[in-house]
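Below you'll find the structures, each written out as structure tokens.
Here come two complexes built around subunit A, the first alongside subunit B, the second alongside subunit C.
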Partner chain A sequence: MEIWFTAFHNVFSPMAMLFICGGVLMGVMLGAIPGLNSTMGTALLIPFTYAMDATTGLLLLAAVYCGGTFGGSISAILFNVPGSPEASVTGFDGYPMAKAGKAGKALGIAILCSCIGGLFSVGIMNLISPQLAKVALSFSEPEYFALAFAALTLIASLGGTKMTKAFLVGFVGLLIATIGIDPMSGVERLTFGWSGLIGGVNFIVALIGAFAIGEILMTAEKGSKIDGEEEVKVSTEFPSLVEMLKLKWNVLRSAVIGTLIGILPGVGATTASFVGYSEAVRWSKHPEKFGTGIADGIAAPETCNNAAAGGAMVPLLTLGIPGSATTAVIIGGFMVHGLQPGPMLFLNQPDLMYSIFLAMYVSNVFMLFAGVIVAKLFSNFRKIRYSILGPCIFVFATVGAFGISNSMSDVWIMFAFGLLGYVMKKYDYSVAPLIIALVLGGLAEESLRRGMRMEDYDLIAFLSRPISGTILAVALATFLYTLYSRMRHKPNLLAGEMKQPSL
Partner chain B sequence: MLKAFLKADVIISVILFAVSLYLLSEIKIYDSGSVYGKLGPAYWPKFVLYMIMFLSVGVAFFSIKGVLQGTIPPFERLQFSSANLRFGAAVALIAGYLLLLPYVGFLVLTPLQMIAFMFLLGERNKVLIFSIPFVLTLGIVLLFTKVMYVPLPRGAGVFLEISHLLY
Partner chain C sequence: MLSVKKCFRLSVLAVSSFLLAFTAQAGDGPDGYPERPIEVVVQYGAGGGSDNFVRNLMMPAAEILGVNINVTNMTGGAGVKASKYVLAQPADGYTIYNFSPEQLINTVLGRENYSEEFAPLVQVQQDMSMFYVNPDNKNFQTAEELIAYAKANPGKVQFTGTTPTSPDEIIIMRFAKAAGIDVKYVPFDKAPKSHAAVLGGHLDVLHEEPGSVISLIEAKKLIPIIVFNDKRLDKFPEVPTSVELGIDITSGRWRGLAVKKGTPQPIVDYLADALKKAADSESYQKYQAAALLDQRPGWKGPEEFGKFWEEEYQANKEILTELGYVK
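Moving on to the complex of A and B:
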């Protein structure tokens, strides 16, 4: 209890509160601007923490991390350009909802669910960090493959009435994910001698291209002055209690998934949001509505990615292993103050650890306010005519793609994906399966190959391991059920292009 | 019958099938004996390519079937319209911007590109057209180069010197 009092004193001092609130606000702002993110923000802030005491400095970094994880969803919802990779899935339903004039509601759901997800994971981290870290370490290649496979089966539901086309797009995404150096053999695959492809296709570049540039090209084709939403209610509108109660199981499930995936080293909030979304689709009574702008489609990824952010702190604090890119940077924050995160830190500096826990609670609560402030600022941009907004989005998309690795190759790849996104939109191919496959392709391939080698090339061994076997069985069963129900009730829907626009 | 074969889905499927076939021949090069074990670097891409070919056939089949059964609207002849022209202009504008960016630099080229793009998208308010691009470009340059240390393209020659005035 004495430790908690010390932590309380550390966190609720005026200076610490100023840094925490400022950090969250800064994180949300950084997350909302494409090309900037919380990883970059925390990295840039580390030198500033030199001048602070270790506790204040680390509280600031944790606050930026919490805010940045949510911030990306603001631009994903309003402009279909995710500010950070973690928010990629949020745009699937957030943007259609905003287009339908419910931007404020979409933002409200995103902010509240992010807060709930964040608080849940910090609570779990606070209570059972060491035990969770042990579970995370028991995950091996077959389990990682099972996770990727389960998320990929989501494509069956995402395709809506066009399952064959959705899977075709999904496999094209898996193919694109193989471009670059094979991490297991070092062989260059499908680069055709272009050095820009050696590092592979960054999925955030592909995402910006397919969604933002694709949309700009579609709008350019339509022509004429396209008015902004003069009458749109731009203020954030939090969901009512009744609406939240409808989302309760989705939010709870996503919070658990996010926390667990966040704990796994190297997987991170982006994968968590995809898996969370896929599970929301899987367990929904109306999977066909996902992608059209429904609350469940925003609640799942937002709860998941913020829960994963908290989860990623578990291996960092308990084992000294970073669970994500940003937590890897935060390790640097510990080190500049001469601290080594890990089990010994719990023994030697328990007040610091509990201060971080408490700061993350405060950060997640303050995110409600910071989210509203930044969302209000960004919402106003929707009032602007597309003839002005479109070129601005293009410039931000270009800088965002360039900023990932300071390379023009990424900008060209973005353009190529823009053309692809245009063609896909025009001929009614869903872009979501392409992005999901691109994100999870690397994980699926590597974990399958490593796992097979580990299990002496026996695929059955994947099923006989308790965790991977259970995940694979559930994924396979639900996939087959989706397939069966489509074929049984509406056989034509497997191909179904009833309203397909003609060439 | 010909209309069915010219459906967009069929054309896309044929292209994907042909590209997959070509890539299969490329991928096979990576399977150099047993150096990499049973699952070498070509294993996964090969599986994916076979699946793409299989699904391409499926999409084409369903599309042709749909047209023949009348459940899918048939092919309509491509007609040149101002929409095609605007789309072509937008693509040319983006491609031109990306081509010139390393030589002209972000600071000089971006406002010009934005002005052209705004005009193409139908904006006619001259005050906005000639103010927003410059303000936004300046804001982005300052934010990304001074705060975030992202080295935006500076261009070459005289453009490099102009860029050096700011970053």
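Moving on to the complex of A and C:
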């Protein structure tokens, strides 16, 4: 109890509150602007925290981290350009919803679910951090593979396009995911001698291209018609209690999935949001509606990614192992103060730990306000006519692609995916399976091959382990069920046309 | 009252002094270098050993040089991406590269050509390799037990480290060869994942420099079993050295900086001098001690560092050929 008093004292001092609120606001802004993200923001802030005392500095970093994880969804919903990788999935349903004139509602769901997801994971972390760390360590390569595989099988259930087309696009995505240096042998694959491909295709570059550039080209082709459709006023509209109650199982499941994936070392909020979305599709009564702009499609990834942000702090604080890219940077924030995050710090300085927990609670609540403020700011851009806004998004997309690793070759890759996205939209191929395959393909391949090497190339080992076996069995069963029900009840889904707007 | 003329004169003076203060902010190096911010490119992710090294060194260096220093992380492709980026910038001393052993290995593998591309600046650190096991590992808890177990169970012991054909893999394979054992290497793309794999008991032996796992060692979650050095460490006096065990390997990861080839020599010398001062600064020394990076003399000037590259390149070439990566 005494520890909590110290933590309260640390967090609710005027100075610390100023830093926490300012940090969340800054994080949301950084997240919302494509090309800037919370990883970069925390890295830039570390030299400044050197001048503060350790607690205040770390509270600031934690606040920026929480805010940044949410921020990206604002630009994903409003412009179909995710401001940060964590928000990639949010655009799948967020943008169609905004296009249908419900941008304010989409933002409201995103903000509220982010807050709930964040609070849930901090609560869990606060209560059972050391136990959670044990769960994280019990996951090995077969489990990672099972997770990625389960999410990949959901490509079949994604709505908005014919199943055969979704599969085709998914396989192309998996192939593109193999570009670059082989993770196990170090051999170059499919680079065609071009150094721009040696590091592989960054999925966020592909995503910005396929979604944002593809969309701009498509709109340009349609001509000025779009100007009439623009809604002028966007104000954040929080969902009502009834609406939230409809989402309750989805939100709860996503919060659990997000926290669990967050605590796994090296798999962060981005993967979590993809898995959360896939699971929402799997357990939904109307999986075919995902991708057309439904509340479930926003609630799942947004709850998940913020829950994962909290989860990623667990291995960092208990083991000194970062669960994500941003938490890796936050280690630097500890080190400039001569602190080494890990089991010893948890024992020696519990007040610092509890202050960080408390700051994350406060940050997630303050996010409700910061989210509304920044969303309002960004929605002003929607008042601009598309003939002007389109080129602006084009510039933002280019800067965003360049900013990921300061490399021009990423910009060319993005344009290539822009053309691909345009062609796909034109011929009614959904882009979402491509992105899902790109994100999870690398994880699936690596963990399969590493696991095979560890188990002496014995595939049975993947099925006989309890966790991976269960996940694989459920994935396979739902996959077969989807195939069966689609062919039986709606044979046209497999073969015929579907009259639904594509993603 | 000031006359209009006087006013004008005063404002011209004010504006010009302002301009002088901000634009003609010439450094005290050759030809006024540096006069604008310097970029340092790191080919590894933020928060890792190399990133920490660069950031901690550049904080005092920025004060000494009198300009801002921006650290850019450019990961992927075993550092090839970052190397290409540095080579695309002019050779004017405004882009510094965290030159690592990977660049030499990449040259052996034909992905880069270090001797044509980069000019050595300084080496700052000479880190050490150590192996660690999980305290719950029932098969072995010391290096001798590990060797005995591996001899009885060829190919069963699983080592882990970061990325394939990396300095980690090279040290592990050299150790296996010297000890006469046959082991398996399971690489991860990010160091934290390899730590977790050993902590979780999924893999047997972790290769890592002590600085990044020190908290785990202190908490007895990782047990160090060997240090690749010629004398035992004060911090871990119970851990035997490779030399004691009759394994003549003491190499470890070194960290240093380079610039694009063709950068004027006066700038190289000036930078080397400034970096020396930065490395001697109090804040850097504090970091170095905390991360156990002060165990071996690591400093090398430009010329010495360049010679060292040549030796290391030859050594890596031989090892990689022996290990079968190069035909």
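Quick note on the criterion: the second predicted complex is superposed on the first by the 486 of 503 C-alpha atoms of A that agree within 3 Å, B and C clash if a C-alpha of one lies under 4 Å from a C-alpha of the other, contacts with A are read in each partner's own complex, and residues count from 1 in each chain.
The rule we apply is simple: a contact is a pair of C-beta atoms (placed from the backbone, for glycine too) under 8 Å apart; a residue touches a chain by one contact, two chains touch by 3 or more.
Since the structure is predicted, the reported quantities are computational estimates derived from the model, not experimental observations.
Shared-chain residue A:Tyr386: touches subunit B; no touch with subunit C. More residues of subunit A lie in contact with B than with the other chain of the pair subunit B and subunit C.
Look at A:Met184: by the touch rule set out above, it reaches both subunit B and subunit C.
Contact with subunit C, but none with subunit B, is seen for A:Pro315 once the two complexes are overlaid on the shared chain. Look at A:Gly199: by the touch rule set out above, it reaches subunit C but stays clear of subunit B. By the touch criterion defined above, A:Phe369 reaches neither subunit B nor subunit C. Once chain A of one complex is fitted onto chain A of the other, the partner contacts of A:Ile213 are limited to subunit B, with no touch recorded for subunit C. Looking at the shared chain after the overlay, A:Asn406 reaches both subunit B and subunit C.
Once chain A of one complex is fitted onto chain A of the other, the partner contacts of A:Arg453 extend to both subunit B and subunit C. On subunit A, the surface touched by subunit B in one complex and the surface touched by subunit C in the other have residues 182, 184-185, 406, 408, 453 in common.
Note for the complex: subunit A touches subunit B at residues 35-36, 40, 44, 164-165, 167-168, 171-172, 174-175, 178, 182, 184-185, 187, 189-190, 213, 216-217, 219-226, 385-388, 390-392, 394-396, 398-399, 402-403, 406, 408, 411-412, 415, 418-419, 423, 427, 429, 445, 448-449, 452-453, 457, 492, 494-498, 500, 502-503. On subunit B, the positions that touch subunit A within their shared complex are 6-9, 11-13, 16, 23, 26-27, 30, 35-41, 43-45, 48-49, 51-52, 55-56, 58-59, 61-63, 65-66, 71-76, 78, 82-84, 86-87, 89-91, 94-95, 97-98, 101-102, 106, 110, 113-114, 117-118, 120-124, 128, 132-133, 136-137, 140, 144, 147-153. Contacts from subunit C toward subunit A in the complex involve residues 45-48, 51-52, 55, 59, 71-78, 80-81, 84-85, 88, 109, 111, 158, 163-165, 184, 186-190, 192-193, 195-197, 199-203, 213-216, 218-219, 221, 286-287, 290, 325. Interface residues of subunit A, counted against subunit C in their complex, comprise 39, 43, 46-47, 50, 136-141, 180-186, 188, 195, 198-200, 202, 265-266, 315, 319-322, 325, 327-332, 335, 338, 340-345, 347, 405-408, 446, 450, 453-454.
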